[in-house]
Every structure is written in C-alpha cells, then in structure tokens.
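As structure tokens, here come the structures.
What follows is subunit A paired twice: with subunit B in the first complex and subunit C in the second.
Then we have the complex of A and B:
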C-alpha cells in the first residue's frame, strides 16, 4: 500500500510543482441555514419552485437523524462546520507533462490512461491543437442533432426547467433519507441527461467531456431520463486517484427508464481513502436509485469501488414496469482502515420482472467490507425472478467481510436465489503461480482480477482495462 | 414503554431484593439475577418492528392482553392430569422415555427410576447458592441483555428444571419435556426455564414440545440453556405443534466446548405464532454445531427462526439447514447469522435455507447473514425461494397422479431431507406422519 500512500501524498501536494497564482474564490461562512440555501439558489438563477423545493428538503432534513445502522464506524460529522457554497476554484496550470511529478505519471502509465486525459487529470494546460474543448464541442453538436440533452443540472434548470421539475425527486424523494434530504437542500451541481424517444446515444456519456463537472463539489445531483425505446450508457468517476478537500460527499443519482428504454450506469470510484490510520479519507454517502417505469425497460448498475474512507451506497432499482430488468454488478475493495457498507435493493412490482446481483467484496489490511442488499417481491409482482451472488475475498487476518442480505418474498410465483461465500486466496493457487515464476504480488493481482472478472466484463472496454489495473494497484503491499 | 401492562405485571411479580446469603435469611444470587432481569426488561421494553431483530415479528397484537401468570413449581401429583391431545401423541410415539411434564407451570417427573448419573432436579434459590456448577451455567449464555423475553423469563425465575448428565453417561432413553397449557377465560403467561448441563463425554437426546389448549391466548416465554462440556454430544429437538391460542417466544442457547457437538432440530408443524431464538456458541476449538429446521405452515400460521452460530475459536465447524413450506396465508422468517471471531481461523461454516411457497398469499422473509472477522475460513450460505416445479407436476400427472397429490408428494420430498437428520426413530416417524397428514398425503405415503 506504500505506493498508494505516496501517490496520494503526491497528488495532494498539487501546489508543490505548480506556480502559485492568486486563486479566485468565493466562500460563504460555514454552516447551514435558510439564507445559505437562498444564496445558493440565487447564485444559480434558479426558478422560484426550485428554491421552495430546496427549503422544503431542508425543513425535512432538520427533523431527521443520521443513520446509525450501517456497519461502519466514524467520528460524528459536524454539519455546521461545512462550507456549503464555494465558487469553482482555479487550479494552478502546468505547461507540459514534464512538470508533473514522475510518480503520478508512473501511475497513469500503469492505469493506461491516454496522454490527453493524463494532462487534464494532472492539471496541465491543454494543447491548442489537441484541444479537448473542441472534442467536447464536436460531441455536443453530435448529441444535439439527436435531441439528446447532456449538460450540468444548473444549466438544465435554465434551459429545460419543465423536464427537471417533472422528474427531480421522483425516484429519490427529498425525505428518503438523511443525506438525500441534505443533498436536495444544498446540491451544488451535477449532470442532467435526457435521451429522447427512440434514440440510441452513440457515445458513452462521461463527465470527462464536460469540463466544468469536475468541480461540482461535495453535493452532486445527477438526473438521467431515458424516454421510450432509448438507450444510454453513462460513466461516472475515473480510475485516477482523486483527492478532494471535502471530507463529506453526499450525492444523489436518479435514473428513469421509460418503456423499452435502457440505462447503463458505470462508476469507478477512487477517492482518497485516508492514510494508513484512516485519517483524512473521504466519506462517501450516496443515494443512487433508478426506476424502470415502463414495460421492457432495463437499468444496469456497475460499480468498482476502491476509494473513500467510508462508503455507504446502495444503487437500487425499482422494477415497476412489466418485464423490466434490474442489474447490479459491484466490486468493492477495501484496504488499510477503509470501511465499506454497500449493496443494492431490487424492488419487484411489475409482472415478470427480473433482477440479478453480483457483488464481489475484497478486504485487505484492517478494513471492513459489508454487502447489504434487499430483494423485495411485492404481492402483485407475478413471476418475479432474482439471482444474487455475493462473494467475499479476505486478504490478511485482520480484515472483516460481512453479508447482510434481506430477502422478502410475498408472491408465491417468485423464484429468488441467493448465495454467498467467504474465503481467502488459496495457498495452493499462490503456490501454483509462484512455481511458474509469478511473484506473490502479481499472483494476487491475477487471482483478484479473475475473481472480479464477471463484474469488470460489464464495464465499457477502456474503463474495464483501467479498472483491472486499478484493482492491482489498490492491493499493492497487502501481501508478503 | 414501562407503563405497558406486561411490564407492570412483571414488576409486581418480582420481590424487592434484600441481598445477602439465603441461609442467613437473605435473598442470594437468584434474587439478584431476577433483579437484573427485571431491570433489563424494563430498560428494553417490548420490541417494536423498528428493532432489527424484530423487524418482521410483531408481538403487539397480543402483548397488551391482561395476562395472569402461571408460575413454575414442582408438584408430583399433577403427573396424572389428562394430557393435551397433541402432547399424548408425542409421548406415545417416543415409546419408553423419561418424561418431564410442565402443565400450566407445574412440573412433574414421570419416570419410575432415573438411570444412574442422570439428575432431574428443581432449580431453587438454595441450589443456585450451593451448587457452583448450576450457578455458573445459569444465565451464562441466555441473552438477557439483548432479548427482552429472556429478561422477562429471568425476572420471573422462581423455579425451574435442571437436567444434569454425569461424566461419560450415554443416556439410552430420550428425555421428553412437555410444556402444556390449558387456559381458562383469562390469557395466561408461562415462563418455563430449563437448564441442561452435560458433563464430559455425556450423550443425550432431549425433546421439548409445546402444546396449548383452551379458549384464551397463552404467552409462552420459555428459556432453555445448554452447557455442553468437552466431548459431550447433545441432540435437542423442539417441536412446535401449538394450537390457535399459543404465542410462543422461546430462546435456546448452547455453549459447546472442546470436541463436543450440539445438534438442534427446530420442528414447527403448526402454531399461530412461534418465535425461536437459537444461539450456539462454539467456545472451544474443534467444537461442532448442527442446526436443522423445518417449518410446515398453513392457514394463518407464523414461524420466525432466528439463529446465531458464534465461532469463537479455531477449528470449529457448523452446518445449518432450514427448510420452510408455506401455504394459506402463513408467513415465515428465517434469520441466520454466522459470526466468525478474529481468532477463529480454520473455521468451516455452511448455511442453507430453502423455501417453498404454496399459495399466492403466503410470505417469507429471509436474512442469511455472514459476519466474518478471520481470513482463513470457508463460509457460505445459500437461500432460495420458489414453488413446486411445473414440469415435475406434469411428470406425475402424465402417470395418473392428480395435481394436488403430485404437489403434496413433491413437497414431502422437499422436506424429507431435513426430517431424515433426526436419529430418534420414533420421533422421526411421528414427524413424517404429522407432515403427511398436514399435506393430506397420508393415503399415498402410508
């Protein structure tokens, strides 16, 4: 893990190699009250109904308590000690990749990140010839031709308020949980995607092509709507290590799939997990939920979680439309003092709905990794089918792996299957690799990748290659 | 919650504690224990469905009734009182056995002569004071601080049954503890307490069955504790065949020591409300736990099986198999936890839970849980829920067996895997017949 730590240190010390420049910043005082929310809303030129919606969420939040049921342990968060509004900060720009710390470049190399992307990630001023902005513009033109809306949610509130108003908060209500209420009150920005009827989005939408999205702050809000017969694949996050000064992250993601629509949502999360003692890591408390509102619709979540000190997230699918399909593929890696409590919920309402859960947990160091999932078949959900598989792999004798599946079946025509296993990497497997000249570390990476293959295969190709390498890096130093 | 009728009833029943030694006119250990129980019961109150362990089990529909308490006491003359029908059935099936009967709280032992090395004695304040073994085993495992109904039972603990097996005693005759209630016009509360101490190398079969008759509701909060010493083997069978009036909430704990094994069969073939809490602690290396369960429910019956297997030290092994069949508007819960502590390396723990839903209104909730804190382990669980295979039914129908019968046969076959684990012939046959009868498949099977 040494390398990871070194890496994070390097990434965090971004000023060391940069030019000091006056950083423009606009800050509100710490704390949260009605005025802060009014200020945020006014700053974004939001319509009146949006402000009221935020204030209502805030009122609800005040009456709610932080959840204590997750299997994680962290000091209490002081919600009045957070700055809820900071205008985007300018990062010091470097002139070429030569100025970037070689350690970071080595990691990028290992992850196989393309050169141009490396520059953006490292904060290098992008070459005029190979301007990613022009790439971005080309894509946006292409998308606009098809009628696809892909923009920051604050922009959508100005250009398509009726769409936002119709859908926001319909999948994750403001009072759904403590963090969704907080997010609804103070969300800073996020993505908005609308795919019109019958359109198959030709590219994988990713925040990488939307430069301003990288500074959306700690309360991100994403809303994706796939209209009848449409298809979209959305990528969130990035395999490169990300350091953020905000310790608490509480995002909300809502997906809506109409008749015969399909949404594929992939996440690779590699936020700062804290140092070896778990200090300074990011708390990631996310509410992600999709609804298969129409018949024959499909929502698929894929996630690779390697970062954050604490992860608390349950990407869920409400299977309302008949014959709809929900999928959840997850790899969660915890090392050092990381804690993860993650899983999914599949709520079967429509007839002949199907869901599939594949969760692979890997714990190393003194970390704790929990799978928590719910499969619920309502009395009306005739012919529901679920298959869940939750495997845990333990590396080292001080970590923990836990499984908390809830299966609630109220319809006798349902078939629900759940299986889980917990074990460590077999000595015999390691020996086999050693015998053939593969050192233990490489063998562990090989075995872990084989173990997680079923999930990694679900990722878009480039992402999958990077994620595979990320798994190996995340576990470096955990054996031997 | 303290103003609740049941809490008040318990509070009134527990005398104030004066402390001191019993022989000196004081109240002693048992009294102190009861005070603890009362305090914990008042602290926890009645669990609501907001409580994780009681999420699916709602006790409120019957908990507020005006119960009269039938305390435990020993009286040999009650042995001849007529038995509840289902209890007599169990007795007949077992053949020759050692019979302990608890009728409305009154204990009688029906055995001409107990085999040498076996003691069946009353749990009294004096015994708890004078017998270090009993004092150590009593309340050692029962989760008084976590389960309000164990706290209730402990608060009301005046008398109880101690079954003690001497070192090396391999008991040939099974012991049957029959807990019977005949309620009158007023709802009745019983809280039997049984302590089983098996010394080194002892071996025994214990059958515990619950039977209720009468018009009013009976709340049965039984607590059973097993202390299984090194190399001892104890097989425990709990039969729930209660009538419409019973509400049974029982807690069973077993501490299993080196090279010993504890086997439990939770057999629920009926009951309007049955909650079984079973906790097996494998507290020394190479100890083993086997947990089996059958729930065959129809109409509006309800069974909740909560199990915990706690692997405390290395090289322990546990196996768990629970099967449920739910018809009518019945519903069931299975909550099985495997807990592997950091020291418990080389653990093997397997759990599986399978459910058949026979009617559209039947429901099932399952929560198979693994909490693993050690790395060199092999643990797995599997859970399935489904219905009788249509193709299999077709196979039978094409051979002239009608649909209902085909369904009954397949259901019977599904459940037999667990029933066959019962090693007591008489009991296994009884269960087989009972199951066939409930499935209306007797004519075909026997």
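Then we have the complex of A and C:
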C-alpha cells in the first residue's frame, strides 16, 4: 500500500521558525478518501463498527460546507493538502517516565514543561499526547484501583469497546457541524475517562497536547463519562512549537454527567498564534459539548485561551436533568493578528436548571475578539435561570471586541440576566502603576490578571499560577 | 548639602502649548513646600512632569533629584528612586486588590534597592501598621484598588501608599480637596508622621486650611506657568484674605 510510505525526509528537516523533534514518524501522504480512513482504523486495530461509524461521518462530511458565520477571516483550507495520519513509529508500553524516549523528553524541555516536573507535581496524572498517539500514561494503576478508566481513546476501544460505543457521538453527533464530521471520520486519538458510580476522582486528570509533525492536522477526540454521583476534574493544556505553516486543529470533546455527577473541565490553551504578521499560527476549530443527563448534575467549563491564529470554539452544556447546572468561565486573549470567535451555548431542558456564563475578552494589537453565546430555554424548562456576564477589555486602539448574545426563551418562568461591559487599559491606569514603581509590562500583567480573576479562580491552584504567567506572556509588547 | 529637588528654569508644553514657562524651585531635606495658585495655573502639570508623564514635552530646563538628572529617568525609575506623587484623581483598577497592588509596588522598589521581597506575614503586619496612620480599615486591603472608594478614602489610600513606599520627596496634588474636616486632619497627621530630616514634602493646595495642619516652611504661588511669588507660611494667610488678583496684576506688570 502506498499510503504506508514513510516520508522520513519530511520529518528530519529543520524549520526556519522553531523546532521539530526527531522522533521517528509515520506519515500518510496528504489527502483524504475512504482508503485513508480505512488505513487509520486498521492502524488502530479498531472494531468494525468504529470503521463504519467513521465512514458514515466521512460521507456526511462530503455533503457539508465549512461554516462562514464566525467573525473570523482566513484563506480557504485545502482539506486535500493535509496529512491525516502521523504517529510515532513505536508505541511503547511504559511504566515510568524513565522509559520515555529521550527525544520526547527533550522536546518538552524546550517547551519549558519538562515531564520530570510534571511527575513531581503532586496529585497530577499526566496523559501525554505527542502528535496523534498517546505515548505515556501515568498514575493509571492508582486510578484503576478505584475503577477509574483514564487512557487514550484508542486503548479504550480495545479494552472497553462497549463503553465507547455506547457514548461516542451521543453529545456531538457526527453531522453536528462540518468539523465534527471531519473529526469523526479521521480522529487520531485523545483521552477517554470513565468515573464509576459514587467515585470521586482523587486527582486532577490532565493531558498535555502537542502538535509536532509538519502539515499534520490534529483531530483529537475526548470522551468523559461521569457515572451517578461521581466527580472528576480534568485539565487540558497545550503549547506548540513555532512553525511557518498554518495548521488545522479540529477536536471534539464530549462530556456526559449522570445523576448527581459533576465534571469540571479546564483548558489552558496557548498554541502558536502566528508571528506578529499572523503568519504560521494554528487554526483551532473545536466542538466541545457536555450533557447534564441526570438530575442534580453539573458541568463546568473553564478556559483560558491565549493561543492560535484563529479560534472557533463554543464549549456548551445541554441541561437535560432537572436541577442540573451548567457553567462557562472564559478568558480569551487575542494579540497581534489573532482572531477569536468563542463563547458558549446553554440549552435548558430540565426543570429548575441553572446556567452561569462569565466571559472575559482581552484584545490587543490588531486582533479581533468576539463573544458569541446562546441561552436557550425550551418550553418544558420550568424555572430555568441564567446569568451572563460578558466583559471586554481593550488594549490600544486598533483591536476589536464584539459581543453576539443570542436569547431564545420559550418558557415564561425563566429568569435570564445579561450584563456586559467594555473597558480599556488607559494611559491613566498605566501611568498610575508606573508612578508606583511598576513598569508598563508588569502593569499590564497586573491589570489583566485582576480583570480575569473571577475566571482564573475557577482553575485548579497550580494551573491558575501557570495561566497567570501565560496571560502576561501573551500580552508582552502590546503596550508602548 | 545636596538639595533633594532642584528645578531650574523648567519649561513644558502639551500639544505645542506652553504650560510651564520657566519654573525654579529648590527643596532641601526636611522641608515642606506649599504650592498654591488659581485653577489652570499649571500645578498638576508640574507634578506630572516631575513624575514623568509622557503627554508633556519638556522644552527646557533641568531637574536634579538628589543631585541626579531626573528627566532622563522613566516614570517607574523615578518612583523607585524615591519620588512619590499623590494623585489629584487616583485611578481605579478593578480586580486588583489594594494589598496586591501595594505589594507589587513595594517589591519593585525593594528589588531596585537590591532587597529581597518581604515575607507575606511581615508584609501584612507592615500594611496594617501603615494603614493605621491614616485610620484606614484593613478590610480595604482585599478590595479592588480604589474601586467604589469614596473621594476621602481614595486620598487616604494615596497617603497609605506613600507610607508604604517611604519616598524621599512626596508631591501631594490637592490631596485635601474633597475632604471633610475630619478626613483632612487624618490625612495631614499621616503626612506629618512620615516627615523626617532626610525627606521632603511638596504640598499642592488651594486652601490655607490644609496648611494649618501641615505647616509649610515655604509657600510659592504658581500662576500662568511661573512661580510669581515665594514666601513663608504667612503668604498663605495673605492669599486667603486677598485672593490671587493682586499677584496676577503684579506679575503682569513685571512681565
């Protein structure tokens, strides 16, 4: 099969911007067709139903069009110019970090997130996804004692196919949108989490995603199920090396919370945003959705978005169970030529369901930052409540902040409140800080972290600290 | 003895309009100077130029701060060297607690002096002690800087920050305006408590009443970008009785 051609020379070349690690890669030629999907599925030893599911999604995708409604502007993506499969050649089964390929460790070191440090971070299990295949999973044994499953989704397809089959595509149907259809057809890997009834996951589950192969679209697939009365906090964080070509990322994340279960999903996203002229950044077109399927359940999304050239992302909650709660806390930073169109959807179906939206946009440079949010209350959703707070902070005169709130309320007992503010980091504020010995860069960091505090407070402690630094770094050089 | 502040023929303009037209002022250690003058005469401009606000262009003259050229330094360097400005209109910073703001400022100054950051416990104790100087309740530490503070509370917060930063020269721009008589007394006693033989205070004010509490060694009248008269504290009393018009007329005749 010529799809199996390994393009070693692509992998080993050096780039003008940033670096690529030399882990041996296996790449398909560019382009997408039925054979590519069969290849991916076969590579992963998937059951027949999974292949059929992928092929059906592919058929759907062929009939769909790229959405044009987001407030972002970019050259058309050539989907035949993307490599849909890249994996480290060896997929080692490792019990300790010492067994990890030293090349991988070196890559993380360059990124400033050495694995060694993560191991020491008490109470954090790390599932490292390098490119498309998970290379390392830690803390698994401890979790296994509690009956918790936390593994790459490709592994879950082998060890717990019935669970994957039961839930995959139930929250985000394959044909939900153009990118979810594409992801369903070609998804490479991602995380799978199952928390059994009544179990409180004792550690933060965390996954570091990396994009590390040239021209390789990333199609992560994450599925998290919290069974009755369980609790889990999951953190996803990303960085990528600089590069000089646009890279498409279209992930799908599905969350399912049963009766009285709670899922807290936090994201710190700092993919390469492109250089000052916007060249080379990541395209991040993500579908994230959770369902509060059971009574008294709760799903909470927290995101700190600082990276990507273009972000198109609306982590949402379907509030189906009575008394269920959906939350969305977001800080989205855009600088230079970045564009972000992000927000949430809260769909109230159950009785006495509540949702809370806190969105903090920060725009600098010549960037464009849009909040787009839908609060929908169905006729049956007696006693629904929503509170939305959408704030925009502008740095400089050349950037844009936009707010698109949509309300569809079909039950007169609903109480829906929306507040919005726009403010600016003015000369007065900066001069005041300067006069107290605080230079402009530190002043911007201080002001921005103050502005974003309500959201940062939602993050697990150690990540809140990381996120604070990230906000400061993202806005370096944005003033003066 | 090196003056703490030596201003010589300082000229500054904004949008090509000259506002300061040649200011001379020398401030020695231990002294309190009052600068008075009608609205629009350039008092806040002088304070801003000293602090390094970029809106203004210095077109001539020099300022020596403890013998060093002040005008070459950035605003933050001036602050770290020991120049403090209590703002006529303090700004609000939402989400940044007063404690966090003051801690950041103090640690910048300490870093500049080659000192380690203060331990959290020692810092808190110091903040409480200095807040007491201006009778500020410690609950303000957790509130966003100046947000929702009354006019008087903002001014007290300025003096609290001054107490934390322990400046060499403090310039107080109309710290008394908008204060009732009790708040005025509190602010003034805070300022007096910080007076030492090796620092100095420049008080910008409209009113004699502040000078009953912070007694100046010298009083200067600024009008139309120039110091048109200097004297001792009796000048302030004279201004209180006679207003500024007689000085304006004298200055016009001389000019």
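Convention: the second predicted complex is superposed on the first by the 386 of 480 C-alpha atoms of A that agree within 3 Å, B and C clash if a C-alpha of one lies under 4 Å from a C-alpha of the other, contacts with A are read in each partner's own complex, and residues count from 1 in each chain.
Everything that follows uses one rule, which is that a contact is a pair of C-beta atoms (placed from the backbone, for glycine too) under 8 Å apart; a residue touches a chain by one contact, two chains touch by 3 or more.
This is a predicted model, so every value here is computed, not measured.
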Handout entry: Fit-or-clash call for subunit B and subunit C when the two complexes are aligned on subunit A
Key = fit
Handout entry: Partner chain(s) touched by A:439 [first = subunit B, second = subunit C, both, neither]
Key = second
Practice task
In the overlay, answer first, second, both or neither for which of subunit B and subunit C A:453 touches.
Solution key: second
Problem - Partner chain(s) touched by A:410 [first = subunit B, second = subunit C, both, neither] - result: first
Practice task
Could you look at A:49 and tell me whether it touches subunit B, subunit C, both or neither (first, second, both, neither)?
Solution key: neither
Practice task
Could you figure out whether subunit B or subunit C reaches more residues of subunit A?
Solution key: B
Problem - Smallest distance from any CA atom of subunit C to any CA atom of subunit B, in Å, after fitting - result: 15
Fill in the blank from the handout: Footprint intersection on subunit A (subunit B / subunit C) at 423
Fill in the blank from the handout: subunit A residues touching subunit C in their complex are 423, 427-429, 431-440, 442, 446-447, 449-454
Problem - subunit B contact footprint on subunit A (complex, rising order) - result: 69, 379, 392, 394-424
Completion exercise
Given the complex, residues on subunit B that touch subunit A span 52, 342, 345, 355, 357-387
Problem - Touch list for subunit C against partner subunit A, complex - result: 51-55, 74-76, 78-80, 84-85, 87, 90-91, 93-97, 100-101, 104-105, 108-109, 112, 144, 161, 165
